[in-house]
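In what follows, a single structure is set out as structure tokens and then discussed.
By written order: A, B, C and D. Residues from 1 in each chain.
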Amino acid sequence: MPQIFTASADTRLRTGVLLVVLVFAVCILFLGGFMDSTYATRVGWVRDQPVPFSHEHHVGALGIDCRYCHTSVEVSAQAGLPPTHVCMTCHSELWTGAPMLAPVRESLASGKPIAWRRVARLPDYVYFNHSIHISRGVPCVACHGRVDHMPLLARAEPFQMRWCLDCHRNPAPRLRPRDQVTRMDWSDWDRHPERHKDFGRRMMARYHIEPAKLIDCSTCHR
Amino acid sequence: MAEPGPGEGLFGMLAEFDQPDRLLDAVDRAHGAGFRQIEAYSPFPIDGLAERLGFKDRRVPLFTLAGGILGAAVGYGMQVYTNYAFPIDIGNRPLVANPAFMLITFELTVLFAVLFAIGSMLALNHLPRLHHPLFDLDDFHLASSNKFFLLVFGNDPLFDEGQTRSFLESLAPVRVSTVEHTEIPE
Amino acid sequence: MTDVAPTPHGYAAVTDQIVDIAIDYPDRRAWWICFGVALLLLLSFFVSVTVLFSYGVGVWGNNIPVAWGLAISNYIWFLGIGHAGTLISAMLLLLEQHWRNSLNRFAEAMTLFAVICAGLYPIVHLGRPWLFYWIAPYPNTMTVWPQFRSPLTWDFFAVLTYLTVSILFWYIGIVPDVASARDRAKKRRAQVFFGLAALGWRGAAHHWARWRQAYRVTAAIAVPLVVSVHSEVSLLFAAGPIPGWTSTVFPPYFVLGAAFSGFAVVSMIAIVLRHALGLQNLVTPRHLDLLAKLLLATGLMTAYGYWSEVFDTLYAGEHQEMGTLLDRLGGVYAWSYWGAVVANFIPLQLLWFRRVRTQPLLLFLISLSVTIGMWFERYMLLVTTLYRDYLVSSWREYHPSFWDWSLFAGMLGVFLTLFLLFVRFLPIISSFEVKEALFEEKGNKKEQAHG
Amino acid sequence: MDRDLRAPPNVDRRSLLRAMAASLALASAAGKQARADERALPYVNAPEFVVPGKPKWYATAVGFAGYAHPVLGKTYVGRPVKLEGNADHPATGGATDVFMQAALLGLYDPARSQAPRLLGRTATWAAFDAAVTKRRLMLDERQGDGFRLLTGAVTSPTLLRQISDLLRRWPKARWHVHETLGDTHRMQAAQQVFGRPLEPHLHLDKANVVVSLDDDFLGPGPHQAVQGRRWSQRRLARQQEQGDSNLFIAEPSLTATGSMADHRLTAAPVRIGLLAAAIARALGVGPSNNDALSASETAWIGRAVEAINANRGSALVTAGRSQSAEIHAVTFLINERLSAFGNTLGFTDPVVSAPGSGSSVGDLIEDMTAGHVSTLVMLAVNPAYATPTKLGFRQALEKVEFALHAGLHADETAGLCHWHVPLQHDLESWTDGRSVDGTVCLTQPLIRPFYNVRSLHALLDSWSAGTRSDHDLVRASWRDAWGKDFEDKWRDTLVRGFVTDSAPAAVTPSVANHDISIKVSAATGLTVDIRPDPSIWDGRFANNAWLQETPKPISKATWGNVLLISPRLAARRKISPGDELRLEVNGRRIVGAAWIAPGQDDETVTLTLGYGADRAGPLPHGLGYNAFALCSDPDSWTITGATLAPTGNHDVVASTQLNQEMDGFDFVRSVDAPDAAVKKHPETASFYPERHWDSPSWGMSIDLDLCTGCNACVVACMAENNVPVVGKELIEQGREMHWLRIDHYFEGEADELESSFQPVPCMHCEQAPCEMGCPVNAAVHSHDGLNLQVYNRCVGTRTCASYCPYKVRRFNWFEYTGNDPEQLRAMRNPDVTVRSRGVMEKCTYCVQRISAARIASQIAGRPIRDGDVVTACQQACPTQAIVFGDVTDPKSAVSRRKASRRDYNLLEEANTRPRTTYLARIRPGERPS
């Protein structure tokens, strides 16, 4: 009786099995990697906006405080986007004819809001409250990154549940004095970490922050 | 026991028997004659046949035990680790709820033990092996039906084409055939 | 036990009879008719699942309080049936009961397919089935893990393990026979198919020795696995605080019931196969007799479970539990209770008679009755408990909808399709083990003769 | 609650950016990422005081049956999302009812009429204005001859001013009022007894003894919230052992009041008059009367009279809407004898202004039939449906040259009129009105109208050639009244929501006529007893899905009305629930489904109004029967001589509770004295370690002695938590979504019948079986004692629901929310996730409110105080039956309640350690040991 398989069949079979295993492993690794990749998390991806607003220029160069435009960040869940007339407080004087600002002027004239594309957004079942984070001294940069280095705004952090939990499980290292939350650079804190090493721990005690309670599901999901 | 590689002369010499008892006798006599690189083939497992060929391997049960221990550790460890990694109050039950955790621990013990048992069996038997020199022989397909075979490998120290053939023929087989190496795989 | 020995003496004859069915199926017309029916049912499965996934679980009859319905009771029913194969195969192997050799292969296949059907049910019954993998532990960006105190999580691991172990046990058991088929196949396609599936098995003594080690150790582990799996399924009910469920008798009660229903289905399949494929010489009246005795024994133990459930309730006298018990006996769903009692235990009593045990048609009918009776039991345990639980205000009846039934028919289609493919293309009886039994019996005879 | 009330200087500030409502801040379904390219739309000009993401509260009012119900409207960026009671209001004190809670959906109702129609075709306002102008010029020439105005009950000073202006301009014009289910007989009785129109006010808070002659004063109606609140104040005092709260009622059909009664007598409607006369006689008023009373009636009267005599000065006898003016008159005489005037029964000048005699809808129909009416303007009424069919309004309408209907819906009347124009909802209008105690409430819009609609005031103004807006008209009314302080007072009133001390002064009338006799007629055949529907009243709320889905308090039926018959009648006629019956009186008939009601008089069939309308809209289409078809007099709700026959068909009644017999269980427990201890099961041991709970840890206490089953909490919960409506078919299948249900139980029979309500929200068990069952950690416990359901984690195994002993979990069997129209999306509470298909949901103890309070207190740097968190159900409850708070603080209100000896756990044998517990009912001396 002749052989059913050639002598090479075994090699092929083993290669095949190995390939299947490899492909499977690669798929899993890829999926895992994809979920953490910036393609899925949109970290660092710039979105086209109706007006190419530069945080680098306004925050970094001009030094405008976050709260000048995002007025409700200290009192409300939402930080708030500036109404058109806030833009026009300056731009009725400066760059009045700039073509780049045409949509802003048009919005003011027509009464139609400027349709910004959201950069930092969470799923609808996640309830994030800006005011409590600000009042506990969580700085803007902790989530939004160095917007003063972003000519066009991009997401700075992955906004995954794990990322949220990282901080909720151990908030101390992120905490800053209340009056410093909108500061972008932490030169002193970065240069002399030993001076501030107890700050977070003390604030946790002062504010009665208990990480075990911060990770209750109802903290964010309702 | 390693099969002879290609280029080492013949693959072996094969004797065919039509009764299992004959094969058992033949194995005893071949072993008694000093052959050590020998293998028997039968359509069903025959008690003691492998032992007569000098089989003493207990690795499959050991691997199974290892698998079981590993499974238990993985199962229990996983449950304890995950509950500490994200501690959540579930109906006021303890974080490490041992009675509840035993079930999955047991299941994974079984799963790993069986996977190791069967995996090690296949690996130690060098299976799958789709192409084999024996498959070239005309009558060998009866090894899965009603015929019994004894093979002396070409790499046995006592192997000599003529002498081995006459030795095998002395065992009253149906026939004796030489087994050639086949083509070299890619 | 002389008459368990198959009549066609000679190893070749055994091989030919069994393996030829896989290589060149005898009655193709009958097979195609059955397969056509199975495919129609399978179509019903796909249609039902499509409708279910498009609209939601609402297409079924479930409600609050009966949040689980036919899907879960059928899950338990299928999984129960899926217990017999492994029990027959593994337990009798360990007990060295050679008569199992004529039954174990198709019983294991039946197990496998029943477990597949059972395993599909909990997935399709989810509100959001596309997220079923959340029950599995895997590292994720939420850092959330499964909840390991839940009987559902236990079930997930139990069914997964049971399915894997059953497949492996069945597969390494079939490899030597597939090798026979490979060696006898004439057509190239069949040779390649069997050749690949046989993994190059050539019957070497060393291989057999390790094979036996692995096979026996798997069998030894599989027996407690079977017990654990249905115990865990019973905890799906018993872990809840609902009167009618929260009872310590459930695990043994469920395991015995599972074996009972499984043996009934094995008997049915054995009778049909031996008749359809002329296997009377391999599956002898003696086999039927033994199966029937097993059926009778597990049936009586299941009946004891019924009795002890009633007794416990009466003995404890707890108000709510009593209410559930009385409702089972005389309420809206009393048909399911009495249906279970009658179908399970009344025809069963005929099996006290040897003539009935060896009479295929009667045994088939009794087994069918048990299969249906056990379905009633699963349905009764689920529905009568949920539809009247603690608060009178939430009592509400449950009626399965068309799509409940169509999915049930579809699941039967999944089972039948897989089983028919198995019958058509794989050796349905373990030929090498029959041959082994033949050989050992000869040895025994010889010893007796010499002694 | 963060009461941040601000007066709006002008309306524009709160204008709704519809684009915003539609695309920003809308919660979409759980587990779904919203559209990837979602746009964020900021304001162009930011309105003052509006902070995105923070709710604003405005005081306003919603009208019902002419009365204004003061509310606080919660708005998010210009979208009202929830109405609460105005706790500062002197009469309501924040009490609410279902109609007020559901007014929010009335605003967003997609079935609302959205444009004017001429002969059924969409028309423009310009065309309408032209038609009005033409008509007006014609009427000007004739001094308004042939012009008739038909309205519902009116309390609005502005509307009254407009009407009187109009009548002054057109002296020959006439104004008719038709308020279905008004208090006509009570008013007539006041006229008879006192010789002048007076409106009586029940001061139940002062009444140690109340004898109700079929007066369902705790039942549905414009007075429900106020009377419920007053009655509960009395009950609360009895719990403190300060005085009594002894309630006697004689009624043909079990009502909410009957359920709460200490002594209930089932009495046929014809017997009520006899009972009134007998009580009067026993107290020495009124004529003697020789009708024989049954033993149970005599016993009931004996006990009632005894209780009254022991509490003279703090007793009250009251009669119901369907009783004749004479019976009401007799109750006035009795109350006078009891020195109740000024104590338990107050009088004021009528709050509802009526145009005087000859102005009923019956008079109008006569005039129409006679051809005296050329122009008929109907404002927010539906006489083509809600008048007795026998009166022939529809036929009479054909003789009217120009008929105009203005209303929220294009209803039956609209379909028969030449013109139909859509009105603004109260929540998008400026108007005013009086609450039931007479206090004037200002209604300000919470949102700019989003349909092409007009205010009732502006509409009426156009008949006087005016073009003023509702805002101007209402301001004009009050500028006249307040003079130079106007602006300050206006602003102040808008903040507060009502005009302080504007209720008419109490008067203590003297009896002018002592000579009242009660005519008692014998009943032949069955008596038909017609009542308002507890959910949709007379049909005016038929398009409100929340109300349709709200179970009727006793029958628990939804989406339709049933014929209530007694168990004995049912047994005699072999009728089972759901059997279709034909009820016939004098050749008029209706066909409806039977429902067997314990506590029902054997010879009385009770019907409810509101269903069976032929043009009611998509929601109520094909539901129920029309009880108006049996009536002959718009104010008479009892009809004798009816016959009943099964048709042989069977209907499914969509009831949410099919079994109401308590069956020997002790779900609702009672004690026989306020300080008595409730019977408890022995404490069950637990395998699990006792857990220490940090403060705050939340819990709830529900007092069954106070719950009147009014459903305000149920609807409030739906509004607060975005609970979807599922419709009749799914309710029939047992798939209602209410997070909070009110179970109703019967115990005993006939006159011994005990009826109780039991609100059942999630128990938030400390040892929750549901959590243990969930394989994916979607049902978990929080550190503040909440049993959480994480929707976005839920895969829908439904194990939790199977394991829940209380069956409070609700499952999204289908996609209930994804296809909601834009209006309903705008109505959603943005603080609560909208659940998608395949997800389990349940009561959360309003976790969004807890979070808001926690964040607010943390920012303020103080601990959460008792009362910072008020759940929606608690806030809605008119009787304070629900108290919520921190159970670890022994001083909190909830802990004090839980410390009561009446406190018990539902199903303590299940050992789930529930956080929601109940206070047993007090049934003094009733229990035989």
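Convention: a contact is a pair of C-beta atoms (placed from the backbone, for glycine too) under 8 Å apart; a residue touches a chain by one contact, two chains touch by 3 or more.
Being a predicted model, the structure only gives us computed values, none of them experimental.
Enquirer: Counting C-beta pairs in contact, which chain pair has more, C-D or A-B?
Expert: C-D
Enquirer: Between subunit A and subunit B, what distance separates the C-alpha centroids? Give it in angstrom.
Expert: Each chain's C-alpha centroid was found; their separation is 58 Å.
Enquirer: Provide the C-alpha centroid distance between subunit B and subunit D, rounded to the nearest whole angstrom.
Expert: Using C-alpha averages as centres, the distance is 81 Å.
Enquirer: Per the centroid of Cα atoms for each chain, what is the distance between subunit A and subunit C, given in Å?
Expert: 53
Enquirer: Residue numbers in subunit D touching 2 or more other chains?
Expert: Within subunit D, residues 31, 769, 771-772, 777, 780, 782-783, 793 contact more than one other chain.
Enquirer: Listing for subunit B: what residues touch at least two other chains?
Expert: Residues 86, 88, 90-91, 93, 128-131, 135, 140-141 of subunit B touch two or more partner chains.
Enquirer: Residue numbers in subunit C touching 2 or more other chains?
Expert: In subunit C, 142-147, 149, 153, 182-183, 195-196, 200 touch at least two other chains.
Enquirer: Linking chains that touch, what shape results: line, ring, star, complete or other?
Expert: complete
Enquirer: Touching subunit C in the complex: which residues of subunit D?
Expert: Result: residues 31, 657-665, 667, 730, 733-736, 741, 743-745, 758, 760, 769, 771-777, 793-799, 801-803, 805-807, 809-815, 837-840, 906-907, 909-912 of subunit D touch subunit C.
Enquirer: Within their complex, state which residues of subunit A touch subunit B.
Expert: Its residues touching subunit B are 1-11, 13, 165, 212, 215, 217.
Enquirer: For subunit C, which residues count as touching subunit B in their complex?
Expert: Touch list, subunit C to subunit B: 10-12, 15-16, 137, 143-149, 153-154, 157-158, 160-161, 164-165, 168-169, 172, 176, 179-180, 182-184, 195-196, 199-214, 217-218, 221-222, 224-225, 228, 232, 235, 432-433, 435-436, 439-440.
Enquirer: Touching subunit C in the complex: which residues of subunit A?
Expert: 1, 4-5, 10, 13, 32, 35-36, 158, 160-162, 165
Enquirer: Sort out for me which residues of subunit D touch subunit B in the complex.
Expert: Interface residues on the subunit D side: 688-689, 691, 765-772, 777, 780-783, 913.
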